[in-house]
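Per-chain numbering from 1; labels A, B, C and D assigned in written order.
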């Protein structure tokens, strides 16, 4: 396959498998346990396990952002990336996210197409989503700067962030979009998505500023 | 020991210890907790812990597939492997899987020989098992291509996949065969096994196609 | 940004995000589950996930101690560090810890400023906090001496130490100070903090002695 | 400190901290949760977290076996080790294990000296303990042969083995001895210890044979 096609296919497939993992483990969790703590623990650990694999295997092909905010921030920081490539990635991520939710719905015997009724709203939740996005960006670029295993860092961070942000750290407009199509534990009602996406964009801007200040070499000012 | 004998012994012993871990932790889990969520969490974490060790220690000897689908896909992708070697591996895997279930039965005071009554059937479950097998194959070959620690990737992925597939990702005809001999949480009724095996083969074919497209270098078409 | 400013900013931001993770996951846990075991499991896993990321990304900038005891012990062991630098780090850590608690309070809709009513006191708890601090110091300097991934060691150790010390291993006067400002599962009442800080200092002294004996090369005495 | 003293001190301190972690997390677990599944999950995860740190930091000093069976098997496999060194290690391990239980008792406000009333007996349990010891030995020497991070392998394996062996994989006569001095979840009654130790020795012999066959280079027979 051509390199460019592989790149887009990796973003599509990675985002699809990620949303499938998030939604699928959410459905399994609410089916098996009545303790919501146990449900979120399972959901968080399953998401972490999936992230480690998906970022590792698709990273060398597409960068494995699976996330429009990460893609755009990366394009601005790294230069050299064309707008066309960014647009193609975002389309692949959104399409992948919806596909992943549908695959989960089929696997768990839900209606193939359904929409979430889970309202996620209010100031604390919105603020939480800004913080969640900033945290994710810092871990990604700080990890890159440190020469660390970014897949492992992101997997562990998100497993924790399900718990330490009140919004359970969606932190990703594409994944959030896909999660609208699951009427389950991991879903987000369509009317709640736009504010989440806006908060994620704001988090992207704040994260970008901190990354520039802390993790980007700027010898001129030193 | 001769290299060829070590190879077969590693596949036998690794698959035996893997099935022992899957079945044993399933029995322990249903004994200790009434919350099925806690049971699956324990079962998944214990399986992940075992996989990390087993793949790491037997990998250099036999490749540590413990799985006929992985062995066959690997033989086709890598060439150079003889049919005899594949047949020997599969026999070792199946014999190991049955042995592992028996060892678990003895450790937990079950009847040495028993068969599962746990029916696992229906379209969503079958579809889930195709997806589970595809996911496992992508993580293995994508991880190899990326030069990553495949044992850690597979361990984390399967820990998650217990949760995000409705079939709990057996994804392995030999392990599934062994699990028929445990009448417990982790068992699979003999009448449910054939369709699982078929779905795993289909997953193997789909996974093979994706691996070829994404992870195998094919400069001629590029 | 100037190197010195980045250093202080990293200690501030890292400690803030750490306390946010500890407090936030504590609030989430007590909200979602009635089983205190499940609550502490979530709190511990979330803290571990955050620590792995934070120590990794801020380590190259500031050493990522986020902890006055670790900073002071490090300054004495390594020489070469100025008193001014130590004072600046400790101020950044304390300010960061308080900020982290406030951010968690806002995210979870608590009063922005609140104080903990959770009394943590008594001989066993105090003794536990000495042990907890010694353990943390040994893992950090033993890990450095072994050339290991200290972020991973500390993350895994603290996840465990939540459970195997009766004080849940606060082991950090700055983080303890910040946790006074959360009236939740992870809080510590202001009247309980001073003895915790004293025990952590004692643990620092004991840990320093053991580190000198076991992990520092002292050929002259050999 | 002299190299030989450091060696013995590392075995003492490492085994003490390990038993402290096992016993302490067991006490915490039974205090916080009524679900025995949650208790064992916490106990297992805490033990894994401690093992990763302890094996990593004491490995370069003493080999970090913390276990008479591992020490003896290692001495036979590696030659070059004197009997005196083995005896000193075993004494340090046993003394360390008892000390660790006492430290846990103090931290959790138990009687400083107490003995377990937890009977662990019967054929399945004894057989399980043989299997547990074999498994541990294979992971250690297989991991060494593979050039892997043995601390991580053992930590993950034991976290799982708490679940997949009916005896919860004590697999260590010194740690078992120490656990007699805790009347808690993680204890073992003094009358149950001798058969456990015997089974661990048998497991050591079986493990030794398999290691020789699979992981030791013996070109002459190849």
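The working rule: a residue touches a chain if its C-beta (ideal position, glycine included) is under 8 Å from a C-beta of that chain, and two chains touch if they have at least 3 such contacts.
Since this is a predicted model, take the numbers as computed values, not measurements.
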Touching chain A and chain B alike: which chains? none
For the homomeric pair chain B and chain D, should the interface be classed as same or different, according to whether the shared residue numbers exceed half of all numbers used? different
Label of the chain whose CA centroid is most distant from the centroid of chain B: C
For chain A and chain D, what's the span in angstrom between their mean Cα positions? 40
Rounded to a whole Å, what is the gap between the Cα centroids of chain A and chain C? 28
In chain B, residues with contacts to at least two other chains: 35, 38-39, 41, 45, 48
Is the chain-to-chain touch network here best called a line, a ring, a star, complete, or other? ring
Which pairs of chains touch, using the document's own definition: A-B, A-C, B-D, C-D
If you look only at chain D, which of its residues touch chain C in the complex? 1-3, 6, 9-10, 13, 17, 20-25, 27-29, 32-35, 38-39, 41-43, 45-50, 52-53, 56-61, 103-104, 106-109, 151, 155
For a test of understanding, state which residues of chain B touch chain A in their complex under the given definition. 35-41, 44-45, 48, 122-124, 127-128, 131, 135, 138-139, 142-143, 145-146, 148, 152-154, 156-167, 210, 213-215, 218, 221-222
